[in-house]
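Note that the chains take the letters A, B, C and D in the order they are written out, and that residue 1 is the start of every chain.
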Amino acid sequence: MSQLDELYREVILDHYRNPRKRGTLNGAHVHAEGNNPSCGDEFSIDVAIEDGKITDAAMQGQGCSISQASGSMMMDAIIGKSLAEVSDLTTKFKTMMTIEEGENPVDPDRPGSVLGDLEALQGVRKFPVRIKCADLAWATLSDALEQAEKAS
Amino acid sequence: MSQLDELYREVILDHYRNPRKRGTLNGAHVHAEGNNPSCGDEFSIDVAIEDGKITDAAMQGQGCSISQASGSMMMDAIIGKSLAEVSDLTTKFKTMMTIEEGENPVDPDRPGSVLGDLEALQGVRKFPVRIKCADLAWATLSDALEQAEKAS
Amino acid sequence: MTDLRSLRSDFPILSRSINGHPLVYLDSAATTQKPVAVLDAMEAYYRTSNANVHRGAHTLAAEATELYEGARSKVARFIGADPAQTVFTRGTTTAINHIAYGWGLDRLKQGDRILVTIAEHHANIVPWQIIARHTGAELVYLELTDDYTVDIGELESVIDDRIKIVSFSGMSNVTGALGPIDVLSQAARSVDALVVLDAAQLVPHQPVDVNQIDVDFLAFSSHKMLGPTGIGAMWGKPERLEEMEPTEGGGEMINIVERHTSTWAPVPHKFEAGTPPIAEAVGFGAAVDYLDAIGMDVIAAHERDLTTYALEKLSEIPDLRVYGPKDATKRGGAVSFELADIHAHDIATILDQDGIAVRAGHHCARPLMKYLGVPATARASFYLYNVPEEVDALAEGLLKARQIFGLS
Amino acid sequence: MTDLRSLRSDFPILSRSINGHPLVYLDSAATTQKPVAVLDAMEAYYRTSNANVHRGAHTLAAEATELYEGARSKVARFIGADPAQTVFTRGTTTAINHIAYGWGLDRLKQGDRILVTIAEHHANIVPWQIIARHTGAELVYLELTDDYTVDIGELESVIDDRIKIVSFSGMSNVTGALGPIDVLSQAARSVDALVVLDAAQLVPHQPVDVNQIDVDFLAFSSHKMLGPTGIGAMWGKPERLEEMEPTEGGGEMINIVERHTSTWAPVPHKFEAGTPPIAEAVGFGAAVDYLDAIGMDVIAAHERDLTTYALEKLSEIPDLRVYGPKDATKRGGAVSFELADIHAHDIATILDQDGIAVRAGHHCARPLMKYLGVPATARASFYLYNVPEEVDALAEGLLKARQIFGLS
């Protein structure tokens, strides 16, 4: 696969064009917003938490395929998970995105892969200026969860 | 003579150390001030004019040997002269200072030289950054005479 | 098409390869590449004459001063101006800030208005917002017509005695549209308003003569016209520069400094506090020499041809929308566009894989983006060193982007 | 004496001849010469990676951004600082103006006082005069003791709650005296005043670590430390930079721009409006790399030795008076002096005939000149590339000046 094909995998374009959970939440939730002033990507998230578990979430935003797909995939990945699981997921995602070329890249097709669709974002590592696009949703999620923690 | 010796002729050092007409005038006179902000030379002049003639003048200032000697020599040269003569002198002085090397420099020792001591300032032409030092007194004089003209 | 092709070898970076492809640099509206002549002039300055300017009685200081002031004369002559009214600044942004602070802070008051257009670069919006906040003045906007030029039909309703400053760009860095300089300056004059021209995109690309237009201030940047970063120029009418306060205090800009008060040096020095960008001035001077030798009319014609060709090629690409005038005589060579649902950053990344450099984003013109209803655009922009084959490469790259995004 | 002699070949200009003599450059307090490494870094930037920074998705833009931000990290590390608190400015002058406007304009009021010393450079006087005029605050001065250092004995009587800002230089560009940083910053802290350090002469010549001193802001210039013109740095404590308003509006420094309001980008970008001096940052980074490789303690020791030697040689010249501390541990290598009744400009001209470059004038410190009761001084200043023979040449030149002025 060319580097570009690895970047723009079908699953990414699918999430970009058909984002999961686009919108806002009604009822109790925390809200956070993030943006990349250097490229204009914007992302906002609503997260409903009950008993230490993310019961629902919704996202809005605009930006490149990577930032929006990353957000959409994140929705799929976090809803229904406990805060501990989400924290673990966040760490795994960050690790995947910062791993240097050749240094044991995660095999997305291996059995039991926790990151699921998100592993499609590995291709971004070959495009360092785009990594912050993939990170935006996750940084905004972290903000939201910090808020929730403070509020509780 | 070396270029430096030509610059710092004895007559210049004499005027620098023993400036003629240092001070201020009492009675009717015009006053003008000038400075070279780029090197800090300062010069002020009082000029008494009667019947189209400079009857007296006095100068104050601080600065390098060239600027102060030029002022002192100017005092000698202008007192007692008619305004027309002074205007002529100013033109001659400016011409001398801007004449390019080799282009018929004025011979200070020739008979009937109008500029007198002032011709000693010819050496300054080899030091372009110092020309404005020699010019300061004359520029200030021009200011004073313009004022006088406006007032009359 | 005027063939400036042979000049390409003057620009060392153009022989670089990017991701295995020859560089196709289509981002000159952001910053331009530099010819060897400019680099050599700066190098020679540092290697033989480097010293601080003014106030120096030694040979190097005299040489440096002559080079610095000589550069001022060159840059002034380039826009038909007097060096005594040509101030070196850090760039367009700094120049507009100086005008806003130095002229506006003491003079504007509650109820006054500053008129700009919605197509302005942040450099021509944010300084006025800051001065408005300090003074209570208000910022008002002219919008655009369907062909992305300033809607001068609105003028009548907006121009009144409250307008104290009219500030607009001579060429938009997004739409490429030329500003209606005469119309806006006449309107401003009818209410005695100050006219500020953001010429960051105009001076590099078209002949400009300050005697042919009626503006009070003009600002432009060296780095957008083959010169180095770190320097630009502000030209002003003598009476405006006289009445304007300096916004930076320090060495070189003073006449006499006492403990509690100071008097200022004459214009232009009044506005040049501290050690100026000396080597940069030398490089800027070499850049205008280079442009002069080619001729700004030749450069403008070359760009017009190239832009016409580009607009034609882009019109052949399905789902591509250009945000800017279709008529090449109404515009310069900055071409912003949107391609189907492919975000501008994705376009830029895909083109970059083939060595093609375009800009993507809001181009420091967020109010315009919002007005156009787009989050970002991709922008290709041309200069004297670009050639038609580079437009072809761009078109091919865009077709490839469609493919990658499954739009074949 | 630490022998840095072999480094001289890194500085092309040092092999120049002036009026038939090898250049003896003793004017580094005005601006320093540049090593090849600095020139090459800038040249390489322009030849291979030139593009506008940030906001760019193409390869050149990414490279330029990395080089620019990498330079910020180098300059920050050089003073023990965090890059996030290190702002690139046009130079020391611009930095102090930014602090005066950005921190002072909104906070100072009638009755407030700004404390400076009489030995300040105009860059550390005039901005405060301007802010005082805008706000009604007052500028007060500390004077000097007999050895030309700041008279800290006066402190007790002058320090009170009215003092809001204490701003002073770490090393005088005229007397060479080191500033009493700890004493003045403690005094300032006792009344919760802001501390601003003009480090234009300090950072180039001595090891400086912002963690070892208690100041809020620090300003210095690249061109005085082997780097290019057109750039300098302002370091600030994070809380100060947060609370400070930007003084220039434009691109890159914003977060969101709406029609009437904007929000700012995080520090340091908030203070860097418009296209920054990119190549200059790269050169500045190369300059601190060069200094780092030698070691600032080695450089300081070298200059101390050279200054000691110079003070000794100058003391042998009849009628010569040094305006500055005699004790080389209390001072840096800027040595101002007067020789009999020979005006400083005449000294500079005479020395220049032998290729010796010294500065003459008020050194942008007119209040100090007035305080010292001299119209001007001559100044020799040293840097790492100077050698004792150059001090000998200076001494010989001064004896020659005596002769020309008939003082035998």
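Here is the rule we use: a residue touches a chain if its C-beta (ideal position, glycine included) is under 8 Å from a C-beta of that chain, and two chains touch if they have at least 3 such contacts.
The structure presented is a predicted model; accordingly, all values stated were derived computationally and were not measured.
The chains that touch chain B as well as chain D are C. If you average the Cα atoms of chain A and of chain B, the two centres end up 80 Å apart. Averaged Cα coordinates give chain B a centre that lies 47 Å from the centre of chain C.
Centroids of chain A and chain C (each the mean of its C-alpha atoms) stand 38 Å apart. In chain C, the residues that reach two or more other chains under the touch definition are 55-57, 61, 254, 256, 345, 349, 360-361, 366. Residue positions 38-39, 130 of chain A each touch two or more of the other chains. The touch graph of the protein chains shown belongs to none of the named shapes. By the touch criterion given at the top, residues 341-346, 349-350, 353, 360-362, 366, 369, 375-376, 404-406 of chain D touch chain B in their complex. Listed in rising order, the residues of chain D touching chain A in the complex are 54-57, 61-62, 254-256, 265. Here chain D touches chain C in the complex through residues 12-13, 16, 18-19, 23, 25, 27, 30-31, 33-34, 39, 42-43, 46-52, 55-61, 90-94, 96-97, 100-101, 118, 121-123, 125-130, 132, 138-139, 141, 221, 223, 228-231, 246-254, 256-262, 273-280, 345, 348-349, 351-352, 355-361, 364, 366-367, 370, going by the rule given at the top.
Residues 35, 37-39, 128-130 of chain A touch chain D in their complex. Of all the residues in chain B, the ones that touch chain D in their complex are 2-5, 7-8, 10, 13, 17, 38-42, 62-66, 127, 129-130, 133.
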